[in-house]
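In the two assemblies presented below, chain A is common to both, partnered first by chain B and then by chain C.
And now, the complex of A and B:
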């Protein structure tokens, strides 16, 4: 069952639309979906006020796919708490995409904003463009970060990717900002591009792989060895990599892999091996 | 003015010895009266329901700098518990440290009408009163922290009890406080230098005084000032294994100051100071020893400080204790040294059923409540939010009223804690009458609030009606029914007006703020000495320090005739 949402106009103020959820749409008729409540700024609206809703192949047994045809960078909490089905956004998506998601797939052809996959438990989020800060991070103040699932960002991501991550996988095709894997408890983060530094601050366990440049390693990390390759989710990534252990300030035993070829500035660590 | 007739309820009014009698209660002009004309009055049919005086909470952290810092520290505590605004109520957030308005509404929904905020740093008195003003639905009061107050320490060191009493009387009026609160006496002063006191007989750095002298001194002061409540003590060594001995020492040290069988000391959140054992691994319950002492001595009152298995926020003025808690939990934390007055600490904490220590703590709280024979001297609290949020009181009520409920929880807790627990050997179950005692009557009596906690003539018309029939419901078996009934009062009446109906707020009212105004004969030469010290040591000028009466939303001063 394919449900297409076309924005009726370009949204100027934030829209809170946690009702855009395949699990929720599955039980509802087109009329009921149209009446679902959203907030546009401080105004209560229905989904049909903002989107033109069309439904194809009305086979209720099939998994629900929601296609958002248009730019929804102001629309927040798309796919929040979804557990099954698929959402495709042809354009940019707003903040809190797939928040607390429990299953299913979200694909965005454009960019995603901050808090993508925040507190997610399972499922897959794939962003073809860039993403903002706090990817897979918990709510402000909380220590309950990403508890499973996969986030793939083909472009760049901002700061604090994978904050308090407990398990799961985050792949960033481009560069990341500062503090990638901050407070990480476990899980894996792979960055194919560069990092702006402070990687793995206060991490306790888990794995961060950075194939690009990093300005420096935190002083609370210690070099362990040089490895030719590193495994990420069963796949081999060619190195060689410097392997650091930390964050020792927290008695942590996290593994931070940083490309040797791209970081001649880290050569000084080799004398401690 | 509204007149009410509450008809045919089962009335539990322990202060007047009424135990589930079917009778009518009449109120007029915010007071309980003998009779009103049925024609003019609104009639509430309470048949098949329990009628009790409005609940009184002797110890709940609901306002002030520390509570507010806790709110700022914990956005994750709030975001899953949001209350939207209604035509009658304001919006807010909840969980372990609800915003002020939500605190008021939620207490009223459970039938509580009087709250005591137990820890106010005098320097933050204005802030505390601002928040109390914004806590609707309930009457309230707050206790200034005086156990580590420099002036008090100096007076007591020099054995100047009467001068100290005059000073404390000034403090009560300056901070608009209600009782003398002592937290880890001497320990907080030592904490300013990164230390703590070991026991009651350790010397406080730079003051040459011991915690015992502070407690005894302030107990004498309390008597001289004729304060309505006793001294309210959070013991030394709180939250450390083996501290039941310190708690016993604290009770013993004022034994000879008691007279006429009246209590002279209140040991608050006693569960946290009833630990036996030499370390966390050998932790055991000291409830038996403490209750034995309390059963044999009438000068002590206690409140439980029950632990609930949930995520909560611990906050006390006991900085060194909070530091230990931070080290244990590794959580984010706040610690604060409040100039010359006190300290404070905040640590988010999760009590887990499967943790040996937490499960033992859970057991200790209930053991205390069940082993202390006299329900007039132990009160139901969680030390909100330290042991758990106040919204869990109905759970505790069901545990106390039903052995089955206790056993059910016992099965879920840590094995070793279950083996050590005294609960399986205790058959006692509270009756509704005893429940009314530990949740309202006893607390009102301990606080010296003469118009609260009972339904006699002239009492404030603060009444809670719960939808449960004591003749039909066996509380020991249908404990869930009891819990649900106490969670959402059928009616809460505040000052003669119906404010809650079926667990929903139907009218928002603002309560009074009580404060004690001791009438002392001489206030001389405090001020010149004080002004000088304020200039030297405080960040606030003396003139700006006292909270004027106009600052309070609805001020209600209680004049007491002091003996100095």
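And now, the complex of A and C:
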């Protein structure tokens, strides 16, 4: 079953639409879907006030796919708590995309905003463009970050990717900002591009692999060894990599792998091996 | 002439409560005990004010009645889909409480100035926790005082004098004599340096700012002060020791100190240019103190790393408490910025950036903080109370703020009020009207009334109540 949502106009104030959820749409008729409640700023609206909804039903038993045709960068919480089905966004998506998602797939052809995959438990999010800050991070004040699933961002991501991450995998094709894997408890983060530094700050466990440049390593990390390759989700990534252990200021035992070839500035650590 | 004593000073977060004001014919003529900033406010507050409400008509601000201004303000707020209500740290807790009610009524986002100052501190305190105290305790007991990224000599002029290094405490004596001898030493060194240069006809640079060897005064059993900053401020000059950190490298320095406190080895010789041996000596002094306090300012909260810098600072203090007694406190700027966080929290559960658009409070700085909302161009109206965002926000945010209908309640004429569509001048709280405010250590103190306000100026609280009443009337009629 394919349901297409087309924005009727370009949204100015934030729209909260956690009802855009394949698991929820599966149980509803088109009329019922049209009546689902969304917020436009402080006004209550129905989904059909904001979107033109079309439904194609070749086989009602098939899994639900929601296609959003248009830019929805102001629409927040798309796919929040979804457990099955698929959402594709042809354009940019707003904040909290796939928050607390339990399964299914979200694909975005453009960019995603901050808190993408916030506290997700399972499923896959794939962003073809860039993403904002706090990918997979929990809400403010919580220490329960991403608890499973996969987030793939082909472009760049902002600061604090994988903050308080517990398990799962985050892959960033481009560069990341500061504090990738801050307060990380476990799980894996792979960055193919550069990091702006402070990688793995206050991490306790888990693995961060940075194939690009990093300006410096935090003083609370200690060099452990040089490895030729490192495994990410069963796949071999060619190195060589410096392997650091930290964050020792937190008594942490996280592993931070940083490309040797791209970071001649870290050669000074070799004397401590 | 009547003298009003024990007046609180409505300027900075130190919120001094020992000011004496002499009033003659309802005009303040003399101020005792205040610093230059406090005195200037009491003596000159009325010299740059507008007393009549204004509304922008055909591009010009024209005088109108209070009723008309209130009605216009209420219409703007009630018709907005996503209004923002900003400011609050320069007014009384009583006014803030009405502001929160108004935010709930219009379904807006209410935020205060901590969003651009100590907001990151609050985020970290929620993550890590804080071991803090009142300033009285520090005045009597603290023997090691750190100011990190903060310049109290210029921003909180009586802080050092009343609460820390130069205060005469019951168990700790004032350290001003040491400062005097140090000052004489610094001045003669500078004079000598200049004389030598003059004699030899050369221009040599002045000696390096950070002495790598710690002075002997730090090892003595008396009150001492250490300043950590990116440049040698006035406060750094009076400190026993000045530790210069490279810009945006505070996090690294704090984490290195934490490592040393935990008896871990560092894999480097220098951290942000400071030799590890120097850091080891500093850590020894920290561990050896009887009661230490780390005050931190915007140099820490607003440099790269923001709330993570505070994470590290709070964790450092937590680590230190395994070995000695150490406390930490943010140096709050405006006189009631602590109060605004307190009132927001007791009314909504959250200290700033509270979004009422769904009818109940939600909080997520970055998403619901006013500067971010403005930069994304999401708000469609604004109310600014006792603040000047046009002068202080980033350019884009200020521009978006004035593009949409803007209501300002402020006793002063500010760049924001000049750009507004509705201006309602109010009375000066703490001078012309009473109220309550919280000192930076969360101690509530009364704001006093010492002179009468102009007849056309109501208090912020009364103006807000009128707008709230009008909004409710509009809502009723609409339904």
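Quick note on the criterion: the second predicted complex is superposed on the first by the 272 of 273 C-alpha atoms of A that agree within 3 Å, B and C clash if a C-alpha of one lies under 4 Å from a C-alpha of the other, contacts with A are read in each partner's own complex, and residues count from 1 in each chain.
Methods note: a contact is a pair of C-beta atoms (placed from the backbone, for glycine too) under 8 Å apart; a residue touches a chain by one contact, two chains touch by 3 or more.
Here the structure is a predicted model, which means the values were calculated and not measured.
Contacts of A:178 after superposition on the shared chain: chain C is touched, whereas chain B is not.
By the document's definition of touching, of the two partners only chain C reaches A:43; chain B does not. Set against each other, chain B and chain C touch different numbers of residues in chain A, with C touching more. In the superposition on chain A, A:139 contacts both chain B and chain C.
Contacts of A:51 after superposition: neither chain B nor chain C is touched. Shared-chain residue A:241: touches no atom of chain B or chain C. Shared contact residues of chain A, touching chain B in one structure and chain C in the other: 139-141, 143.
The residues of chain B lying in touch with chain A in their complex are 73-77, 79, 331-332. In the complex of the two chains, the chain A residues touching chain B come out as 138-144. Here chain C touches chain A in the complex through residues 80-82, 106-108, 123, 126-127, 251-252, 255-256, 258-259, 262, 264-268, 271, 304-305, 308, 311-312, 315, 319, 356-359, 363-367, 377-380, going by the rule given at the top. Across the complex, chain A meets chain C through its residues 12-14, 16, 39-43, 74, 76, 95, 114-115, 133-134, 139-141, 143, 178-179, 182-183, 198, 201-202, 216, 218-223, 247-251, 268-269, 272.
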